[in-house]
Amino acid sequence: MKKITTLAALAASTVLSGALPAMAEYPEAPVQFVVPWPPGDFEDILTRMIAAEFQEQTGQSASVVNRPGGGDGPFPGALEVLDGPTDGSVVGSFVIGVPIVGPQIDIGMEEDSFTPVGIFLTYPFVLAASGDAGYSNMAELATYAQDNDVVLGHFGAGLTPTRASFAAAKLMGFEFADDAAFDLLDCNTLSSGDADVINTTLALIEPCLDDINVLANIGSEPIEKLDGVGTLAAQSGVNDIELWNGLFVKKGTPQEVIDVLSEIASATMASDEAQQLMAETGARVYWQGMDVSAARIETDRAKSAELDDIIAK
Amino acid sequence: MDAFLIGLESLLAPSVLIAIVIGSVGGVIIGAVPGIGPAIAIAILLPATVFLDDLVSLVLLLGVYGSSMYGGAIPAILINTPGTPVNALTTYDGYSMTRRGEASRALSLAYSASFFGGCFSIIAALIALFVFGPYLRDLGALFGQRDIMMAAILGAVLLIAAHRQTMGLAAMLFGFGFLIAMVGRQSSRKIDRFTFDIEYLYSGFNLIVVIVGIFALSQALNLMVGKDDDPPEARIAGGLLSGFKELAGKKVITLCSACYGTVMGIIPGVGEFVAQFFSYSTARTLSKEPARFGHGSSEGLIASETSNNAVPAAAMIPLLALGVPGEALTAMMMVVFFDAGIKPGPDIFENNPDFLFSLFSALLIINALVLLTLLVSTKYIAKMIYIPNRFLGAFVMILSFVGVYSIRNSLTDCVFAVIFGFIGYVLRRLDWPLVPIVLGLVLGSIILERLTAGSGQIKSAIDLINRPVSGTLFVVILLVIGFIIWTSFKNKRTEYQN
Amino acid sequence: MTAPSRSSPDLLMFEEALPYEADGSFKSECPPDSKVKVEDLFKFSRTRGDLQVSIVAAGIALFFFFFYWTQTGWENRNLPDELGSYLAHQLGLIELDGRVTRLGRILKQSWVAPMLCLLVLVPAALWNLRLSLKEHKWRKRFLLPTSAYFELTKYAAALEFVVYFIVYTILVPVLGYLVSTLLLGMLLPWRLGYRSRQWMLRSFCSSLAVVIVFRTLLQIKTPISIWLYDQLPTALRGFMLTYF
């Protein structure tokens, strides 16, 4: 019921209005990092690292709250952060879809609802096919698809990597016979024949990496682990938009909060643990501060619109 | 083989051992208190397990599940009140024995029978893992989305068929559960079902909210609105080890019941009740003293207790192998699997074989631990029977709040949980089955997800059934439906003849 | 009961059929049924409130059926133009030339699953209603009690506790988890009749135990913006928010 959340927000804002001048020392209260996905995936692991570092550095308790949106993805969790206070006690860990697709669907989010603290993770999305398929890169797939049915498996038609794949197909002159949205795409999907080409993260197909053909990787740089696999952008001419994850706070949060968070998060990303995650899984772990991130979001907005144009043609 | 050893090794972690102890002892106590059962305990513990390590949380829940039936026999035998719903049959023979003054004989029979049943199915599962495990890895490729969808549909059909006298009711409640599963919006897939543009409904109803509501909160309401029982004093005298000797004397019935329990547990949609029914009837047919059944027959007691304890371990098999839960309690545990990042399904044999061995070995240890505990402390556990119902109900209500809130940190979830609790209360008063709603939610979401994912490869209708597994399952579904129609016509005909 | 006098011999047709013992006491010819019926565990008979709830259930099913057409994307459906021939093709009856729409593209649309669900739900709900009406008429015919008043009083009693729970849910963000749980944990048993000092002590201890185990030890999440804690000085506020 909306009434309860409004009641909570009302309570929070009355506190805020009374205590604002004393906001000299952040953080004053326990901080919650909201991850709008179920626990266990990359962004969850890295956000937990950030929270642990935060707790250590500032002495204030920091916890990670998983707020999975079920079928609706990150949006319910993002709306939670939107309903929260602007004193930096609720920080969101969002994927690119939230600032870019969020304002386009009718849920009350604007393009400037969130201020980025920084971007720290690029998911290692790839296009893969089973080992005995008749193609091992995008060009061969294009030829194959002219005469045969190729079915694409993905995590959702509205997701950035999926749209990149569709746009790439359009640019290369072929069409997927059909596509299906899965909740989990891994080795079994390919071996059981549920999809011919899948659009998934590297970690999920790790166990059978030797038996499958990775056709392309979706991002701006090739993944080191996979040598010989070109980026989708290079092979098809589509733009190099990536699926990334970053920390966000609600618009209106004081700069001081952003600075503290930025410092701690960049330290976390440079740590051995995070770098090891990168080496093992092919995810790219880095830190881009507030201004760089804001600029990147704007360019990505344009790239995303470009993808939509290509698909719609 | 190494997987087995690795599995055993991971059991030796202190947190896992503590979880085993808490799970077994806690489970016995929960089972022993009439009014709360494993469903409520698992529903409440489930959200808390997100914070615990995966093996720890699973062992905890399994401990509660497996040991509650041991504990449930205590009040069933002593005061004619089943501690858990599945101990209802035990009351017939067990309480009659108590009235004759043979309470401790009944208890020891119940314990030994339960122990045998539990261990039988666990060892059968372990042997199956050892023998078939390596081959099952290759079978993984046979199970795609469409196959699992067919398995879920089969589970649904079997569930409805198992409610012989209330099939229409079960089908309707299953339909409601399915409907609840479908509410939600998936913006990235342009799917919007029944959300009526209400923000809360965008992410749909969470399984645990519904489960805590329908099982835990409804029972809490039931207990609080009802009366306190005034159970009479029950005296337990004498040793509790005589049961084993008696068990050895009735090998055939014991083995038969254990087999029934194991087989029925594996078939999704069926459960302890049907297993008990068949084993009790068979025991009566095989027995030399059928007239004593219901009036203190040791064979009747053995039959019911062995079969209902053989079900938990066997019910894990369809969950692990196919990702399709066989009954409500295993459905709840599926949530823990997902949180642990272990995807139940055919490739579990490839990806996490040591986990499987740990699981079943832990179950074995739990059974042994429970038996030891009971042999020593039955008197004290029996005292728990006397906690007044209404106080218990209040306590369950308080516990439910923290469970529901910790899922999605949503107060609206708590309000919906209590609404589901009220609905569950109404259903309980009407004697309508509760399980179809929960399984409708679980199986329904499985069917939904697999249909969407499998739709890519479906070019025409034949693609739904032209795979080996889905084709076989489809034939089985048709056979079951045909069987249901045939028996109901047969019953109608005999009705008119009378 | 004494044996009837044999005043009119033509009424007595079969002497052996008399159920009376020689000494005049009655002995039934039907032995008592001593077999335990396991089937009794599965016995189902419709109780009093059944008709009302069946009507409500059928109403809910029809409600969803009514809103199916607007709420599931049926309006945006994407079906092939000649549905009849498409279906015939799927069943293998006729051959279509040209590009045939893949069945999968139809199945993955958002209205398909709700349609399948309603195909099961609505007939089952109406069938259940029919059975319930049959039972109700049967009871009325045999002048058995059919009033569901008692059931309604029970539902109202349960609703009272539902209200308590909802109030508790609203109180937690205001007073904090510790205080609200202690309040509910003591007021609820008091309302249920456990009013002696011993019981009050037990309620207090058990609710305190719940708070400590779940909040302090397991750190289960509870709302973080709590009005009562915000009134406290900062240091205490942080402590209370973390541990209670």
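All chains are identified by letter, namely A, B and C, in their written order; residue positions are counted from 1 within each chain.
Note that contacts are C-beta pairs under 8 Å (C-beta built on N, C-alpha and C of every residue); 3 or more make two chains touch, one makes a residue touch a chain.
Predicted, not measured: the structure shown is a model, and the values here were computed from it.
Of all chains, the one whose Cα centroid sits at the greatest distance from that of chain C is A. Note on interfaces A-C and A-B: more C-beta pairs are in contact across A-B. Averaging Cα coordinates per chain and for the whole protein, the chain whose average falls nearest the overall one is B.
Rounded to a whole number, the gap between the C-alpha centres of chain B and chain C is 18 angstrom. Annotation: 41 Å between the Cα-based centres of chain A and chain C. Centres computed as Cα averages put chain A at a distance of 38 Å from chain B. Each of the following residues of chain A touches two or more other chains: 4, 8, 65, 178, 180-181. Touching two or more other chains at once are residues 189-191, 409, 411, 415, 452, 454-457, 459 of chain B.
Multi-chain contact residues of chain C, defined as those touching 2 or more other chains: 102, 104-105, 108, 169-170, 173, 219, 221, 223. On the chain A side of its complex with chain B, the touching residues are 1-2, 4-5, 8, 38-40, 65-73, 75-76, 79-80, 97, 101, 105, 107, 149, 151-153, 155-159, 178-184, 186-189, 191-195, 207. Contact residues of chain A toward chain C in the complex are 4, 7-9, 11-12, 15, 28-30, 32, 60-61, 63, 65, 85, 89-90, 177-178, 180-181. Remark: chain B residues 50, 140-147, 184-191, 199-200, 202-204, 206, 338-339, 341, 343, 345-347, 350-351, 408-409, 411-412, 415, 449, 452-457, 459 touch chain A in the complex.
Residues 102, 104-105, 108, 169-170, 173-174, 219, 221, 223-227, 230, 234, 237-238, 241-242 of chain C touch chain A in their complex. Those residues of chain B whose C-beta lies close enough to touch chain C in the complex are 47-48, 51, 88-89, 92, 164-166, 168-169, 171-172, 174-176, 178-179, 182, 189-196, 217, 220-222, 224-225, 273, 277, 280-281, 291, 293-295, 300, 388, 390-391, 393-395, 397-399, 401-402, 405-406, 409, 411, 414-415, 418-419, 421-422, 425-426, 429-431, 444, 447-448, 451-452, 454-463.
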